[in-house]
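Notes follow the structure.
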Amino acid sequence: MAVIFELAVQGAQMLLVLLLAPLLIGFVRKVKARLVRRQGPSLIQPYRDLARLMRKEVVLADNASWLFRVTPYLIFAATWVAAALVPTFAAGLQFSWTADLIVIVALLGSARFFQALAGMDVGTSFGGIGASREVMIASLAEPAMLLIVFSLALVAGATQLSTVAAFMGSPEVGLRVSLGMSLIALVMVAIAENARIPVDNPATHLELTMVHEAMILEYSGRHLAMIELATFLKLLLYVSLISCVFLPWGLAHAGAGPKALAIGAAAYLVKLAVLAILLAVFETAVAKMRVFRVPDFLGAALMLALLGTLLLFVSRSL
Amino acid sequence: MTAFSFDAVAAILFIPAAAAAILAALPNYRMTAVVNVIASLLTLLAALSLLVTERPAPGQYLIVDDLNIVFIVLNTFVGFTTSVFSASYIAHELETGRLTAPNLRFYHAMYQIMMFGMNLAFVSNNIGLMWVAVELATLTTVLMVGIYRTHEALEAAWKYFILGSVGIALALFGTILVYMAAQPVVGEGTNAMVWSVLIEKAAHFDPALLSVAFIFLLLGYGTKVGLAPLHAWLPDAHAEGPTPISAVLSGLLLNVALYAVLRFKLLLAASPEAIGPGPLMATMGLTSLIFAAFMLYRRRDIKRLFAYSSIEHMGIIVFAFGMGGPLANFAGLLHMVMHSLTKSAIFFAVGHIAQVKGTQKISEIKGLTESHPGLGWALVIGVVAIAGLPPLGIFMSEFLVVSSTFARHPLLAIPLVFGLLIAFGALLLRLTSLAFGEPRGGTAPVEASYAPMYSHLALVFAAGIYLPAPLVAWFQHVAGILG
Amino acid sequence: MISIVAFLLCGPAALLGTAILAAAVSRRASATSLVYGAALAISVAVLAIVAGHLAGNPGEVSAITLPLGLPWTGARFRLDGLSAFFLVVVNLGGAVTSLYGLGYGRHESQPHRVLPFYPAFLAGMNLVVLANDAFSFLLSWEFMSLASWALVMAHHRDEANRRAGYIYLVMASFGTLALLLAFGLLAGPAGTYAFDAMRTAHPGLLTAGAVLALMLLGAGSKAGLVPLHAWLPLAHPAAPSHVSALMSGIMTKVAVYGFIRVVFDLLGAPAWWSGVVVLLIGGVTAVLGILHALMEKDLKRLLAYSTIENIGVIFASLGLALAFKANAMPSAAALAFTAALFHVLNHSFFKSLLFFGAGAVLTATGERDMEKLGGLIHRMPVTSFVFLVGCVSIAALPPFNGFASEWLVFQAILQSPELPQWGLKVIVPAVGGMLALAAALAAACFVKAFGITFLGRARSAVVGQAREVDRPSLAAMAVLAVFCLLAGILPGFVIDGLSPVTLSLIGESMPVQTAQPWLSIVPIAESRSSYNGLLVFVFITISASLAAFVIHRFASHALRRGPAWGCGFADAVPAAQYTAVSFAQPIRRVFGGFAFRARETVEMPAPGALEPARLKVDIHDVAWETFYQPISGAIDFATERLNHLQFLTIRRYLTLVFLYLVILLLVLALWP
Amino acid sequence: MNGLTFDIAHLLAGSLVLVSFMMLYQDRLFALINVFALHAVVLALSVAWQAYIQDAHHLYITAAIALVFKAIVIPVGLHRIIQRLGIHRDIETAVGIGPTMLAGIGLVTLSMVLMLRVTPEADPLAREDLAFALSIILLGLLVMVTRRNAVSQVVGFMSLENGLVLAATGAKGMPLVVEISVAFSILIAFIVIGVFLFRIRERFDSVDVGALDDYRGERR
């Protein structure tokens, strides 16, 4: 019985992330629009876009191979699984031990791998640009991410997200410089990974500085829908990652009852809203940077993460 | 039994001498070649009979013990295979007109005299007699080196002769000094020159005299071993003489001189206060090794290349004996045997190559494994062996030398390894250009037989994998004698 | 009862027999299938024996001494857990490669230069793994090098190959001499060359340090540690592709075996700083190797460089194991050591697979230069699929095997806070960062490798007549691809298979994994970290197919082919695609500066001139310029100087003799 | 033995060294050969004296050999060769006379030092003889080293052999085999040299080894 319930909760989480992801995007866009005193599209616009794309027929480049057609589903699946494994409203779910933080990072990595390949498949120069820049960014973002994982793991003694969250929720954490550094680094990585301003601009096309959009330039119809959805999921994933590691309050724990779960869900929504607003404000405040400034940006993240890790040794109390 | 075995010793000396006389008389060159081969074969058989029969007590002039049997058997064996090789080689030289029939008569007679001299040097129990024999062998080779009478050959022979006779003189003085040292103890007369007597009484000899003597002997015989910086004659003599002689020089004559040095090393080792022969020999060995290794790089003449590699290996051997101790001595003996076999095999190959390609210039010989697979791969195996790669014999001896040295004197092993590596680089560089790449030079097939070459290589290969127990025991005993 | 080693030795013996036979018949048409068939059969047989042994009593050790090799030591051979594992690696690789060779070998232009040496090479590797005394070990080791050298020289008419072979063999014998010295130290003046004797004799700290350094030189030069790697990217690609696969996938592992055998087994308890050294070298090797790979446009060279990276990963985790072992943290040490061995196995899988793929491309197009390839996915669907699997695995992406082992390495790194020494505390996470960087760069590198070679449009005409390769080759590649997946989703079995080895060398092994629910792997405790490749795989497949199904079923499945959109730009020539070099450009911009003093110069034509502007990129191999060129320069100088001694007059030679005599006499005069 | 015999032997040996020194500063070939003849004569004397005091009669043979071959036959032969080759006017020292003399003195002291280390209870006459012989040998080598011309190198070589003979005769009761071998080797040496000079005459215009040396195996 309990197992059934656990499974149900797990399934609920999977569906939840799937459903929430477009909403989060819509919310961010709305807030950004309001910040520049525009009306902006409605919150559910992303859902509409996805539905429209799915109904449209696919226009496939003559040169596209089977890989090009499979990739969207792979990207979506990998991102979805990753997102579903991050504790949102409850930790220690049935399958949470399937993957720890490192695996989640790696899953996103494989999604990116295939996306870059798909970008090169058709053989236009834009795809190449996108792919090569994407891997460059990733080659800096991933180590940074792993170092963040290290410092978290060194604090919490685990890479298991549920455990980390539980530990961060517990009082003995206190305020630590290294954690602060990791947080900043994590935010920077998240921005880079989700192709947000200032690293990349999700709203533009036909700009030689674009990265992510350049890779998916040849996609259309349901394929594009899958990729878009995956992008939304990725953003949600990072937001909920930050929230579950650095704002673990109200997170329901393994084997918790419906009441705790409800509280967790509510808390989760609040966290999402707050972080989304912060993101929107940040994006409106700063400007897009040149592509070859991005390494410096990520290099800073890398250094911060490393510093955070090393500080842990210098003094346990920092 | 004793009588028979003593006859064996006599035979080793008599057969070559007689053969030399006959050959000097015979006009027909095919005949002479055949006689030469037969004589060498008989000598070899006589030498082998020494192994099975019991040995005579050492006399005033002749001795047979474990130490020199190693050398004798090796000497007669290589002498035999070389005579086989030289038969075909010389025939070709005759066709190309580089040699004339009278030359040839002279050549074969000299060949046997040389064998006689070397065997005599090995079996002689009298340091004076040994000296005479070594000089005899040397002088005959001088004449053979000059046999082509070309400008280069004459110069090589002249260089060989001058440096050689200085060596002769120094060695003789050393011998006299040894006698002087022995005379107060042993008493006047021949006994004071009989090695087996000396070695017993050596402890009481005057150490200072012995030390001076050893230096002269080391330099004198060392000149013939080809140790740097006394080596100057060696490369040219190898390069300009007929290839069979190069093979014999590298494979045998160097050993004769080495044998002499070893005998006197024993003498000196027996006298505690005298100067230690080990450090001297080790130093000379290392110097020769490293020097030769560097000299290998800029060689343009294929025979000169391998001549320098002989210097290198003599350096290793002398170094090993200088280090002393059962392991190093064993390694030294093994290395000497393996080097003789391999190097003569290489010279056989080189002889064929030079004849089919019509040149000795390395730059004009390429892609042998394409144009002459049998020859090319033999050269590859030979060079791989001489460079000390497994599974061939020299690897085993180098393994023993290097590892035992490093365990005892790490600082000595570093230059040793350094030299080995440098030499390896040079040999491999030349091998790559000789055996591989676009074939260049003549492509006429070789009509001579590869039998001597491949038999040597087969032996070396077998030794690298498996040494028969009796051989090992014997070598270990000899290594024990060498201290 | 004959010990199992005797059975196992029949393998190499048979292989050598095959080699001799091959030398005899190599010019016949049937020789190819004969040799590779025999090699395949023998490898499988050896595998079967080892498997039986492991299934029966994995811990059991059996030894034998043959009256060969070094007298008074004899040729000793021994089968224990470690050698059993590496036997599996070697013969698995050997079997698959032979299978591949059955097809690939038919395209060989000069079979008589390959066939005799191929079985010899396999035999050499088998013997190295079984050897139990210094002499047989070195003999087999160098024999292995020699055979592979002959294979590198197979296409000897190409100047580059000759150079590669030369550098290779020189480096190899350099390594052998280093090992020789190491064994000399271990054997001691008495010359006890048997490993059993060395195992019991515990050398002092200084000796141990020297041996470690020598092993890093000897085994490291064979494995390709920076800066001893220079020969590797030259030699591995020069050989025929299946041999490249053996050299890169298997022979480097044999080198790792040598290192483990001496440092973990014979040398006894390590000192903590030895861990530091190995760690740092490993990390640097990993990063530099993969950066070089990224700069390559020759497919096989790229693969060779990526081998260097993986070797770096392996050595880094071996270093971790040393550090933990030195600090009496057996469980952590076991974790790191298992990770290393696991990665050894995985790399042998995917690197062979990738080289096979490169070989297939080579047969189909005759090209190794990626700049001339592209779009092969349409012409060689199967090859491109398996190659993709290889790329995903080597890029350490879940759920494939590369990720499983790298994950274990990271888990081991996360044990570092328990280490007492500050040096280690600080260095281990830094190395962890390096490894992470290397992993990310590897992903980038193989996006490039696959993308440029197989995707996009054909960059030259050679792609036009490319055909899918023959069945044996495809079969070999498919087998390896399956292995990659299986090892990725069922890592628990591999880890448990490795436990006897770790138990014998570390003294402890990882907890039993296959007992875990849902077959997930749990290095320490589930609360700390866990990974379940199987479930990840299942989830991804389910959700992907689910999404596909739902959309096709309820939304549209209409599809129309059209010209590429490319932001409305007219269909440009294929040359306008991204090339290998341009793909690497951003990363070159980031790392090129310090890694290889990369410099980009734009040559603008004179105003009004018609020729195009050119972008020139020059990259330097720093290791080559810092170490190798000075050495060769020095040798050159020395030879030039000494060479004058060949040209003296007789009188001067006499002077030499004379002076030498006088000097010796002086020495004697001054002798106390 | 009484002092007189010792002094005479000493005197002869010493004068042999002196003659070697004279050889060092000859720069004309003829002069050199003449001095060598003198050298041989002195050698013959000292050998004869040794034969007398050791009353070892076989040594008289050696003395005769020395006198006949070295003092007469060879110098005459060399004169012939020189005239035939027309090189008698050569000035052919490679190193200046002064340095050569200094080196010679150094060598003599060196050999003295070496030999006096020999334990005194060895026969003193033998010791002195050895010391002189050693210095003669070294001086002979010095001659060979400092001369460019083949003939003078041969001369130097033979003076070296003289030193050997002196040493050998000084060694009491040394079997005849040695002297014979010495003479034997010199004979062979002379024959071979003669053969060589002859051949070289065939090929080049001079016996100057320098002419040989222009080709040194591998020209660069």
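Brief remarks follow.
Chains here go by letter, A, B, C and D, matching the order in which they are written, and residues are numbered from 1 within each.
To be clear about the criterion, a contact is a pair of C-beta atoms (placed from the backbone, for glycine too) under 8 Å apart; a residue touches a chain by one contact, two chains touch by 3 or more.
Note that the coordinates shown come from a computational prediction; the quantities given were computed from them, not determined experimentally.
Note on connectivity: the fewest steps through touching chains from chain A to chain B is 2.
Chain centres here are means of the Cα atoms, and by that rule the chain farthest away from chain C is D.
Here B-D and A-C are compared, and the pair linked by more C-beta contacts is A-C. With centres taken as mean Cα positions, chain D sits 31 Å from chain B. Averaged C-alpha coordinates put the centre of chain A at 35 Å from the centre of chain C. Between chain C and chain D, the centres computed from C-alpha atoms are 69 Å apart. Per-chain Cα centroids separate chain B from chain C by 44 Å.
Touching of two or more other chains is recorded for residues 114, 117, 141, 144, 153, 209, 212-213, 216-218 of chain D. In chain B, the residues that touch at least two other chains are 158-159, 162, 166, 170, 212, 235.
Pairs of chains in mutual contact: A-C, B-C, B-D, C-D.
On the side of chain B, the complex with chain C involves touching residues 158-159, 162-163, 166, 170, 211-212, 215-216, 218-219, 223, 229-230, 232-233, 235, 275, 280, 291, 294-295, 297-298, 325, 327, 367, 369, 384, 387-391, 395-396, 399-400, 402-408, 410, 413, 417, 420-422, 424-425, 428-429, 432-433, 436-438, 464-467, 469, 472, 476. For chain C in complex with chain D, the touching residues are 643, 646-651, 654-655, 657-658, 661-662, 665-666, 668-669. Across the complex, chain C is touched by residues 94, 107, 110-111, 113-114, 117, 138, 141-142, 144-145, 147-148, 153, 209-210, 212-213, 216-218, 220 of chain D. Against chain A, in their complex, chain C makes its touches with residues 374-375, 377-378, 381, 388, 392, 395-398, 403, 407, 410-411, 413-414, 417, 422, 425-426, 429-430, 432-433, 436-437, 439-441, 443-444, 447-448, 450-452, 455-457, 518, 520, 526-532, 535-536, 539-541, 543-545, 547-548, 551, 555-556, 558-567, 569, 572, 574, 576-578, 582-587, 589-590.
Interface of chain C with chain B (complex): residues 67-72, 134-135, 138-139, 142-143, 146, 153, 156-157, 159, 162, 165-166, 169-170, 173-174, 177, 180-181, 183-185, 187-189, 191, 193, 635, 638-640, 642-643, 645-646, 648, 650, 653-654, 656-657, 660-661, 664-665, 668, 671.
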